[in-house]
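Chains: A, B and C, in written order; residue numbering restarts at 1 for each.
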Amino acid sequence: MFDKQLAKKAAENLKTIREKKPLIHNITNFVVMNYTANILLACGASPVMAHAQEEVEEMVSFAGALVLNIGTLTPYWIDSMLKAGKKANELNVPIILDPVGSGATKLRTDSAKQLINDLSVKVIRGNASEVLSLAQEGSKTKGVDSIHTVDEATEAALTLAKELNTTLAITGEVDLITDGERTYRVSNGHELMGFVTGTGCAATSIIGAFLAVDDDSVEATTTALAYFGLAGEQGASRAKAPGSFQTASLDALFTIDGRQLEEGAKIQIV
Amino acid sequence: MFDKQLAKKAAENLKTIREKKPLIHNITNFVVMNYTANILLACGASPVMAHAQEEVEEMVSFAGALVLNIGTLTPYWIDSMLKAGKKANELNVPIILDPVGSGATKLRTDSAKQLINDLSVKVIRGNASEVLSLAQEGSKTKGVDSIHTVDEATEAALTLAKELNTTLAITGEVDLITDGERTYRVSNGHELMGFVTGTGCAATSIIGAFLAVDDDSVEATTTALAYFGLAGEQGASRAKAPGSFQTASLDALFTIDGRQLEEGAKIQIV
Amino acid sequence: MFDKQLAKKAAENLKTIREKKPLIHNITNFVVMNYTANILLACGASPVMAHAQEEVEEMVSFAGALVLNIGTLTPYWIDSMLKAGKKANELNVPIILDPVGSGATKLRTDSAKQLINDLSVKVIRGNASEVLSLAQEGSKTKGVDSIHTVDEATEAALTLAKELNTTLAITGEVDLITDGERTYRVSNGHELMGFVTGTGCAATSIIGAFLAVDDDSVEATTTALAYFGLAGEQGASRAKAPGSFQTASLDALFTIDGRQLEEGAKIQIV
């Protein structure tokens, strides 16, 4: 039922992260900086947060991936993201974008679209509304008004991924990953994840760590989300409320080994 | 001994928050953003942090309440608060202010007073020094020099609430809530709360969630503080040091049900 | 084997902090603000985070120590640090600097050096690369390229401490503290500390608390690091993964008493 090859690759990617400890450069929001850094450390990667325009180009040159997250954006931060992103593109450092709140305010939608237009972004991860708000005017994608589930979003996502020439990850109860050609679903995870702030942002950074060791954007993203969701499942087996759940999930990211991940990954080819 | 009607209302308000999941727009300090967001999620509300002047008006238009907290203020952030606040007033979105450190530096005192003067603020929550520092020059309120306890602050608070035409919540070992006419005390809570940073800020955001579902500012504030204090009590019954106490209290906010709150609320009419 | 006099002083310093509750003014990075504040509260000190140029001078005038941390620096924040630092020097409030990432980007190295040149800094704490990157051009200190351990760094640190006329703390598996004359090693700690973000920054703030009650910079720093490392050891005896370890270590900072610290401090004179 679940794809065994990708489950195996998930385990391999995790092993490589723990061996290589790639530096993940995050330009992210204030709410999740601490949590994201701890998530990346637990996973085996090496996080850095740096947003000053005077240093982002230098910092990203050491990085295995660049994570851009607009959760508490201002124009200064978007400019920093553009500066870091252009350098990342020059150096072939993969970029992953988390368009937090795109579709909710004009600033967020416009900023997300600008980042996508001006940079070559490998992966975009968000919820269905966020991702589908990125369709350009005149897009073949339908509006998001009637789209509420990952299921309903699948067709729109396929079209949009091709238009944007990127990998899209729409996360929710089930995660959908597609580049318009290949499409996977990941059904790992637990509903308590929705009661911890920044779970989506953390997933994005974990995808960054997987991208740093796996050139195949679709597979890196899919395996990262299986790993992150499995940690949520393990956390929920030990804790029943958000505070202790967050702690237990963070522990699980650290303790999950290759065999557990290979056996626990719930990845399906669509 | 304790007021049963308000205890019942506390349970009703909590139930409504969990049903309606009101969006609480926070313009708050860097120290507590993550903690506050998790507190609001555990309570059942939906937090958003947004401070860019380009989007605060749009964001607050979706919100059930606007929380303003000056804990790591700069002039830019105060201007954002004013912009969001004016829009909130236009749309009748209730505003709650946490004047962190007012009285400690001129910037904080002046900024808090400007927010109060330029906006219609429904509730102000702080410790005794912070709240009483808000008295305007020529106020009938006595200075804060000789006021160290919630008890001593009661009379000054009644006068000040009338002058400012708002609800004041002075939190401490016992919480005092007054609009100058009605006055309540809440004796829920635990001393370990003082060893977790941002407990006061978190209380303010919880009041925001209760204001989003209860038009009566005094009752919304009083019931919110009983709920928040009860979570502290439950946390302290499970953990004896600040790290595990914070986790246990966060869990308690999530697990407390209506019956527990109705039975555990320690609200008294003064 | 371990120095008993300094172990005793560690216990005395901790007791004094818990009695006097010194205000520690932090101008620090976004990643660790919450964690640092909780660390200082657990230790018994009173944290404040304030960076606005309009208030830093006023705020630092109430403080027992000023902690400067460049982890998410921008030029505005460095200017705030300089402003607060000059006032601190005027008032003899001790300054401790955490040059996060110095050596990694020009902005960080230059900013750290500017702070050191323009201010009188009592203590600098970092890892070996960070601290040794602070050598001025023409310094007698060797470059950092060949220096990877605290052991290898010792000689360079002694020279640099004399040149900078300050106390250096190089933390790692074993911590090295020197002012160029007296040198100590602290071997408390646990490897899990490397999997929690901001552990180094937290150590810096704890040193700030000890500096607020102990005029002897070398002894304040050494005793602070023994205390902080012992909390890590106790945390690791209760938890085996980063999430629960962080909680348990924070608890330990709160529960460690004088006798435990005196018996557990692993301080050696070099």
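By our rule, a contact is a pair of C-beta atoms (placed from the backbone, for glycine too) under 8 Å apart; a residue touches a chain by one contact, two chains touch by 3 or more.
In this text, all values refer to a predicted model and were calculated from it rather than measured experimentally.
The touch graph of these protein chains is complete, with an edge between every pair of chains.
Here subunit B and subunit C face each other with different sets of residues for the most part; under half of the interface numbers are shared between them.
In this assembly, the C-alpha centroid of subunit B lies 34 Å from the C-alpha centroid of subunit C. Residues of subunit A found to touch two or more other chains are 30, 34, 246-247. Listing the residues of subunit B that touch subunit A in their complex gives 30, 33-34, 37-38, 41-42, 47-52, 54-55, 58-59, 62, 246-252, 254-255. Of all the residues in subunit B, the ones that touch subunit C in their complex are 29-32, 34-35, 71-75, 101, 104-108, 194-198, 239-244, 246-247.
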